[in-house]
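Below are two complexes that have subunit A in common, paired first with subunit B and then with subunit C.
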Partner chain A sequence: MALPEAKKLKLVLFAAVFIVAIGLPFILRDPYYLGFVNVFIMYSILSLGLNLILGYTGLLSLGHAAFFGLGGYTTAILMKNHGLPFVPSLVISALIALFFGFLVGIPTRKVKGDYFCLLTIIFGEIFRLVVQSWIGFTGGAMGIVGIPIPKIFGWTIRTEADFYFLGLGLLCFTYFTLAILVKSKFGRAFVAIREDELAASVMGVNAPVYKILAFGIGCLYAGLAGSYLAVYQTVVTPSNFRLEESCFMIIAVIVGGMGNLGATFSGVFLMTLATEVFRPIAEYRMLIIGLIMVIVLLFRPQGLFGASAFKD
Partner chain B sequence: MLFNILIAGILLGSIYALVTIGYSMVYGILKLMNFAHGDVYIFGTLFCFTLLSKYHLNAVIAVVISAIMGGVLASAVEFFAYRRLRAAQHRMISMITALGAAYIIQNCSELEWGSQVLPFPSLIPAQFIEVFGHQISTTQIITLMVAVGFIVLFNLFLKYHKMGKAILCVSEDINTSRLMGIPINLIISIVYFLGGVLGVIGGILYSASFNAISLGMGFRGTIIAFTAAVIGGIGSMNGALIGGMILGISENIIAVYVSSTYRDTLTFLILIIVLLIKPSGIMGKGDYEKV
Partner chain C sequence: MPLLETTELSKYFGGVVALESISLSIEKGEILGMIGPNGSGKTTFINVLSGIYRPEKGEVKFKKRDVTGFPPHVITREGISRTFQNLRVFPNISVLQNILTGLHCRIDNSLFGIFFSPFSSMKREKQAEHKSLEILEMVNLAKTKNELAKNLPYGEQRLLEICRALASEPDLLLLDEPCAGMNPVEIDTLATFLKKLKSAGITIFIIEHNMRFVMSIAERIVVLNAGKKFKEGLPAEIQNDREVQEIYLGEEEEI
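Moving on to the complex of A and B:
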């Protein structure tokens, strides 16, 4: 069977990435490096979801950490207080994040641009305040400790390598569903809305519905990542889901390149690496993140691998 | 009881209005969410705290110096982080650099002052006087007078001074103003400077009447200013006044009659309701999309 040259190359590249991904925990024996990879995987899931909202549909959401937190707290409460197994908790967490995503997305019909951005900040703040104040349900500022070890059909997930494979599975699910989605009719509608909402509506794209869909689906992946964080850390606290986390993801998406799924990985890698490298001087962390934000955007506003130029 | 709550609400509202005016003006000109606003005014207020408690400067001089510091810092942020990006393809980009600038300032303040709550000295001696059978402290009255005085002064400046008129022109149409010979870059720097000055004065009044200052108030300040600006109608001076008052009064009423734990949550719900009913705010003119 004769394949075109480009397609052949893509296939080979894909196989290579696949083999490396499977073999990684056997090469990286040190749990420290594997832990870094696991954090990278978690932020990749989050940022890929955010890229659908920010990069493809053009909605600036500064409340993504709240959906991340919804997933984390749902899993924590279900597994610890109700003794539910991991898989149903994961699914319910994602669905709850999806539900709240739709709920926050509904006002996009009327509330646009910066006002929508404000709405997402406010949602994030309300989430954080409620989680901090509702001590009986969410444990207040101390959070929920001692989330049980997850099991999937008899496979106990305990070591870093186990979590790596769990994360890899979730990441593959995220990447491939999103890759299919953005190539479909839906993806084209999202891009059309980003480029010119009015023109898109004139062409028959039901803009409000598609915006709600994009926002909700992007949040679903945040719920998955939150669930992963809960079992990986065995602790969730309100400080895991602050505005800084939302900013972290936004920078990852923008630095990588908006509207380009593959480029998201480079942004996330840069950001997690920077956090890790500068850990010894943690009190300067925000200063450094701020500098990265300002400098990268001053000199390369479209990101490292920007897909297409935005217009006003 | 209700009378005292209302007085406290009006006081808080006037301080919020002062902080909001600077924010709203900047937004009105560049349509840019200035995330650094809160951190700039907290920096100025902390600077004033150091001048007062460490160097025992005269209160008026300390306030003037730190207000100018705040103004200079605000225009420096504009110069370094926003100016180059004014022609960028998307406004989202300068919003993110604004956040980055906010982080840098916040981190620098944290290195210098830490993140704990510091005891800000009360600048105005507290005496109680009786008005209509209610006790009111002179601190409240003087704070209110200073805040309202600055708002009135600023409005007069915008209306009658040449520079103020230029600011109004630029906020109406930036390109036409440039064609009419108004130095855009200078005006924008001045707007940021004035926004910073008003913010720092608001921050000092707030800290002096509650005897507390902490870094955490910076981000909350940004959100409060934006919320008040949106409720009143962004870019409008009267809107900023109304929005600030609504927030200040409702905050006090909610804290006393409903729940002090969920005060901020419920305040934010007011914003969501306003956004859903009238996204352009109470005094807003409403945006028209150009085809």
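Moving on to the complex of A and C:
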């Protein structure tokens, strides 16, 4: 059976990506570069989740870092204080982020535009302040240090390469579940809400419920990424989950292309690269990142790869 | 047997009376037209029927069931679908995706189903896609299925919006000024299309300002004035009614 040309190309591309992904830690021997890749993977998971909320459903959430933090702290507390293994901690972290996603989504379901944005900023700040002040539970500004080394069914995750494969697994899970979701009737309903909420509800979409659903599911992946961060850094502090982190993810989604999963990677890559390259100039690097965003949006308002976002 | 029946339906916006005790029935299989001067409450009436507004008084019965005050997505599932006066297609997604969104409540996939029984879910999606193409075929839009909706000419976008409403398999189709902004050729296409739908057994309720169009296509006409039902009758009767002419053109003054 002869495959159509486009499908063949896709298959070849997919195989190439697969081989490179598996072989990367054997080529990239330097832990510095592999560490960079791991950070890229973590932000990819976060931004893919955010793309569902922002790019597909059209809800500008500035509190994504809080859900990231919820995942991180849940894993840290469960593993360090309660001695739970990594896998159940990971699952519980994701579920806690999902639960809080619903909790924030329910009261904000009828709030639109700027007001939604404000409420999510407030949630993000509340999270950070609670974590900073509840010293007995979260360790305050010092955070939680000495999170144990994770093990999955006897596989001890210790080196950069180990973390790379763990991250890759989580990233594949994130990407493929989201890809299935956005191609289904649920994904179409999310896009319909973004395009025109009233028309969507008249077409049979239960708009408030779907908005809560999109928000919660997007946050679930933030919980996964948080859990990954906790075991990777072995430390979580409130400063890991500031408003700047949320902005970083939003910029990555917008620069990559809203409403397109694959495009998210390009945005995250550009952003993590810029952060690394301009690290010596410290605070001023946000200035340059802002400039990059302005330039990208001037020449490609739909994002780097946003053009064919909704065409099949 | 009436498909839809409203009794004493009233809607107020603060002190403004938008609809006052409207009682009318839409018979199964007919095309019912509604006319009236600007601000007479026609669009409000459709908004109440489709669940966007909740009426202050009165009730709406659809297929002998009370559906008063149901939210829009439930009304759609029950079998009432609508279009808007000011075009509301989803602009940034493809024509096919627009229609598929209309099929939302007819695709039986659950959130768990799409992950845990992907094959039967995919089969249902394929069937839905097939059905969408059939609907597009009816108005010759199948060739533009991958085009973004906003890139279609205006008349085709109007047709697309009707197709999207049709995709939800309605028994009753509510059209709010479908001809607005269309050229005469497009209006003819629309008329033929609506007649085809009627013969397929779909009941149509249509608000329209284009008199020639509505008189030629509707079997009965209801006239609304200042939120009240003013007249009801056959197109020919309405056309020659002095009072109807007066509310449109003003009273004739004695010289």
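Worth pointing out:
Note that in this section the second predicted complex is superposed on the first by the 299 of 312 C-alpha atoms of A that agree within 3 Å, B and C clash if a C-alpha of one lies under 4 Å from a C-alpha of the other, contacts with A are read in each partner's own complex, and residues count from 1 in each chain.
Assume contacts are C-beta pairs under 8 Å (C-beta built on N, C-alpha and C of every residue); 3 or more make two chains touch, one makes a residue touch a chain.
These numbers were taken from a predicted model, which means no experiment stands behind them.
Once the two complexes are overlaid on the shared chain, A:Ile289 sits against subunit B while remaining clear of subunit C. Once chain A of one complex is fitted onto chain A of the other, the partner contacts of A:Cys172 are absent, as it touches neither subunit B nor subunit C.
In the superposition on chain A, contact of A:Leu11 is made with neither subunit B nor subunit C. Between subunit B and subunit C, the partner in contact with more residues of subunit A is B.
Within the superposed three-chain model, A:Asn206 lies in touch with subunit C and out of touch with subunit B [touch as defined at top]. By the touch criterion defined above, A:Leu198 reaches both subunit B and subunit C.
By the document's definition of touching, of the two partners only subunit C reaches A:Ser184; subunit B does not. Overlaid on A, the two complexes show subunit B and subunit C touching the same residues of subunit A, namely 198, 309-312.
Across the complex, subunit A meets subunit C through its residues 177, 180-181, 183-186, 188-189, 191-192, 195-196, 198-207, 213, 309-312.
Per the touch definition, subunit B reaches subunit A in the complex via residues 31, 33, 80-81, 84-85, 88-93, 95-97, 99-104, 106-108, 110-111, 219, 223, 226-227, 230, 261-262, 264-265, 268-269, 271-272, 275-276, 279, 289, 291. The touching residues of subunit A, counted against subunit B in their complex, run 60, 107, 110-112, 114-115, 117-119, 121-122, 125-126, 129-130, 133, 198, 243, 247, 250-251, 254, 283-287, 289-294, 297-298, 301-302, 309-312. Residues 50, 52, 71-73, 76-77, 81-82, 84, 88-94, 96-97, 100-107, 109, 111, 114-115, 118, 121, 125, 128, 146, 148, 164-165, 168 of subunit C are the ones touching subunit A in the complex.
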